[in-house]
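Each of the next two complexes has chain A plus one other chain: chain B in the first, chain C in the second.
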Partner chain A sequence: MNTEAIIVENITRGYGGPPVLQGLDFRVSRGSIYGFLGRNGSGKTTALKTLAGLIRPESGSVRVLGGDPWTFGAGERQRVGYVSEKQSLPPLGRVAKLVKFCAQLYPAWDHELCDGLLNRFQIPLKSRVAKLSLGQQRLLAFVLALAPRPDVLLLDEPAANLDVVARREFLDQILELIRDGKKSVLFSTHILSDVERVADRVGILSDGKLVVDESLDDLKESVRQLRFFGFQGPPPAEIPGALRVRRDKNELMAVLRLNGPDAPAQIAARLGCQVEDNPLSLEDLFIELTRNSR
Partner chain B sequence: MLIALHPSSGVPVYRQVLQQVRERILGGQLKRGEQLPSVRELSAMAGINPLTAAKVYQFLEAEGLVETRRGQGTFVAGDAKKLSAASRRAEIEPALRQLVAEAIHLGIERGDLQRLVAATFESIKSGENL
Partner chain C sequence: MKPLQQFFALLRFQAFASPGIWIFPVAFSFGPCISLMSGDTWWGLSLPLSSSTMLFMIPMMIAAFVFIPELWTGMTGANQQAQQNLQGCSADFLLTRAVDRPVVFRARATLYWILILLSAVILLALASRKPSVSMEVPLKPPGAGMVYLETLPGAFVAKATESTETIFLPAGRLAIAGTLVLLSIACSAFWQGFVFAISGLKFKRWIFFAAVIGVSCSPFVLLAGGNHFLENLVFLILKHPVAAVGLTGIFVAAAWAFSAARAKRIEYP
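And then the complex of A and B:
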């Protein structure tokens, strides 16, 4: 079995104006949860739409479960779940009717899971879909995407409009989905703590390309904030390779990508000063890495 | 096993879980030969990615603290105590570095720091501060 559920190679795509995606490249393995980050307008939604087979890249190649999503037949399409950013649920009256309609479309529909989740999320079957709150509509769309137990689940800002309790439930559910090690989830979000909680890999989209595509653990261990102090003479004008340097009198604070646990001490020895090594949260990392871009 | 997680700290989740399981083994709360939860169970209990849970066990195994028995699961290593001197040092290393860095920063001399450490060690051990 192919270990990569998603393979995106050098795709470009625009909407007439300047290209939104400019050589996007990444892979998502089976059993993985990939957190897809980027500022507003960075192209996350466009990337997810190409993976869902809703739009076609102008160049490059997209493979989902080994095939091109643009040419997927009904059977292949059923193995990929997708919840768009602006999910509009069909106005089919009550929740029960919509659920029944969807269940008929999918031979693999898990009725027990679906009923259990609706119950857990407190979405009454008798409610009219149009009367549900935005958060509940979002959860309903998520349940409908999850019930067929898709091999790949694509979620565009799934946590928007969810309260913290519902969000935690939602995260537990995507963990539950991938627990057999065969399924994959790709989700875009602005809520970085959600990514920190469940994702094993993270991509940061900036100016149509990924500026980060690596394991979240590696990212946190390699990009650090170092404070250099106790210089003998005046502090150096710059720190080679630093993503950002702040300075005040006789100290420097630099964000650096390090190549090992001994790197801070080595740099400090070279600069003739002392060093304090501080980890960065994903939020701080995100800001440092995307500060000057879209 | 109950795990306290702080996903938004800069410390990777696998390190947080690793440290908490390691403490339980070194501190004797998990006894030698005791079975640990499976990767799936740990992932469900701690609310973490299964790949992260698997990584925790890989590290514990490399440190000699646990052993995987084919088809049975993961267990606290029989000789965890014996093998753990290096692990104990690895465990305390970050706190030690932090302490020494602060001492240097505050201009505390090496001899003074050693005396302070010795005095604190005695005071905690004799239960004064507990």
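And then the complex of A and C:
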């Protein structure tokens, strides 16, 4: 069995103007949760729509569970759940009808899970979709994607409009889904704490390609904020390879991607100064890595 | 799930997910019904054809609602809820369920034609309750009434005065209703092809609304030009009914095949 649930190889895609995705490349392993980050307009939704088979890449290839999602039929689609950024559920239908419609399409539909989640998220079955709050509509879309227990779950900004409690329960459900080690989740979000809480790998999209694709621990380990101080003379204007350098009197504050644990000391020795190593939060990391991009 | 089961599940779901679409057949047939059923005597075809714009325009709206509900996404002047209501079953939702893409198309197309044919049935049913009508035709220019006598079966001159003659058409109202239905079916096929032709384009919404404005203005353009295009078309259909039905059938099949092929390739960015 292939250990990769999603393989994206060098895909390019635009909408008539400059390309939104340019050479996007990443893989999502089975049993993992991949957090997809990026600024507005960085191409997250386009990438997810490509994976959901709603659009095709102009070049490169996309494989979800070994197949091209553009050509997926009902059988393959049973194994892929998708919640779009602007999930437009039929507004005038009642929740019960919507659930019934979806349940009949999926032989593996987990009625117990579905009823339990609707109950927990306090989504009334008799209500029309339009009467639900935006957060409830989002949760309903999530329940409909989760109830077939898909092998791959694609979520585009799933936590938008959710209150703190609902978001926590939603994240718990994601963790629950992958407990068997065979299922995979790819989700895009702007809520970095969600990524820190559940994702075991993170991709940061910038200008249509990934500037980061590694485990969260590795990322935090490799991108550090270093304070260089105690220079013999005036500190240098630049530090080669630094993502950002800020001068403060006789000190330099730099964000660097490091090669190993000894790298800070080696740089300090080269510059003839002392160094203090400060870890960065994911939010700080994200800002540093995407500051000058879209 | 087998394709046939998928088809019925999708058809049922789409038919009731946006119940508002069922207003269309009534709206579609309302104007033509009023103009077709009014009066026992007509002075030419102006009155029965006066609401025929509805026949061209409403299938266009139905086609957009059923086939490309995404058209309403991001529409200026509509809030999120209104947009959502207009969208009904968007591709984002339907095409990412466990369904085959061609089955989604077939279910949508079937719903579309049910809506179109429902209005046709309403029109024909009403006309069949009162099929006969009299036509008062001026004697000048000579032979003005001949076209009715030649094209409508059973037509005869019931009365003649110095300036007019009254032609009784035993199934005249029904025949006119039939031609309008045939024209509406041909128009519906055209709009089905049209929405699929524009559905992949970047400016599809603008093209669609330009077409709506164009169709809305067409009666004024025709009136300004003194054009009897529609009347002549009706007589042509009445003269060659079998050929008209055959051609309409071919047109419907071609539009279906074209849109089925397009539906396979359409992207939903």
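Some points to look at:
Simple rule for what comes next: the second predicted complex is superposed on the first by the 292 of 294 C-alpha atoms of A that agree within 3 Å, B and C clash if a C-alpha of one lies under 4 Å from a C-alpha of the other, contacts with A are read in each partner's own complex, and residues count from 1 in each chain.
Everything below uses one rule, namely that a contact is a pair of C-beta atoms (placed from the backbone, for glycine too) under 8 Å apart; a residue touches a chain by one contact, two chains touch by 3 or more.
None of these values were measured; they are calculated from a predicted model.
On the superposed chain A, the two partners chain B and chain C both fit, without a clash. In the superposition on chain A, contact of A:Ile55 is made with chain C only, not with chain B.
In the superposition on chain A, contact of A:Lys209 is made with neither chain B nor chain C.
After overlaying the two complexes on the shared chain, residue contacts for A:Arg167 are found with neither chain B nor chain C.
By the touch criterion defined above, A:Lys183 reaches neither chain B nor chain C. In the superposition on chain A, A:Phe101 makes contact with chain C only, while chain B stays out of contact range. Once the two complexes are overlaid on the shared chain, A:Asp200 sits against chain B while remaining clear of chain C.
When the shared chain is aligned, no partner comes close enough to touch A:Arg138: not chain B, not chain C.
With the two structures brought together on chain A, the opening angle seen from the C-alpha centre of chain A toward chain B and chain C is 160°, to the nearest 10. With chain A used as the common frame, chain B approaches chain C to a shortest CA-CA distance of 27 Å. When the two complexes are laid over each other on chain A, chain A has no residue in contact with both chain B and chain C.
Every residue of chain C that touches chain A in the complex is listed here, in rising order: 1, 3, 5-6, 9, 12-13, 16-20, 73, 80-81, 84-85, 87-93, 95-101, 103, 202, 267-269.
Across the complex, chain A meets chain B through its residues 31-33, 168, 171-172, 175-176, 178-179, 181, 192-193, 196-200, 216-217, 220-221, 229-230, 274-276, 278-284. Looking at the complex, you find that chain A touches chain C at residues 15-16, 46, 49, 52-56, 73-75, 77-78, 80, 82, 84, 86-93, 97-98, 101-102, 104-107, 130, 134, 148.
The touching residues of chain B, when paired with chain A in their complex, are 5, 7-15, 40, 43-44, 47-52, 55, 101, 104-105.
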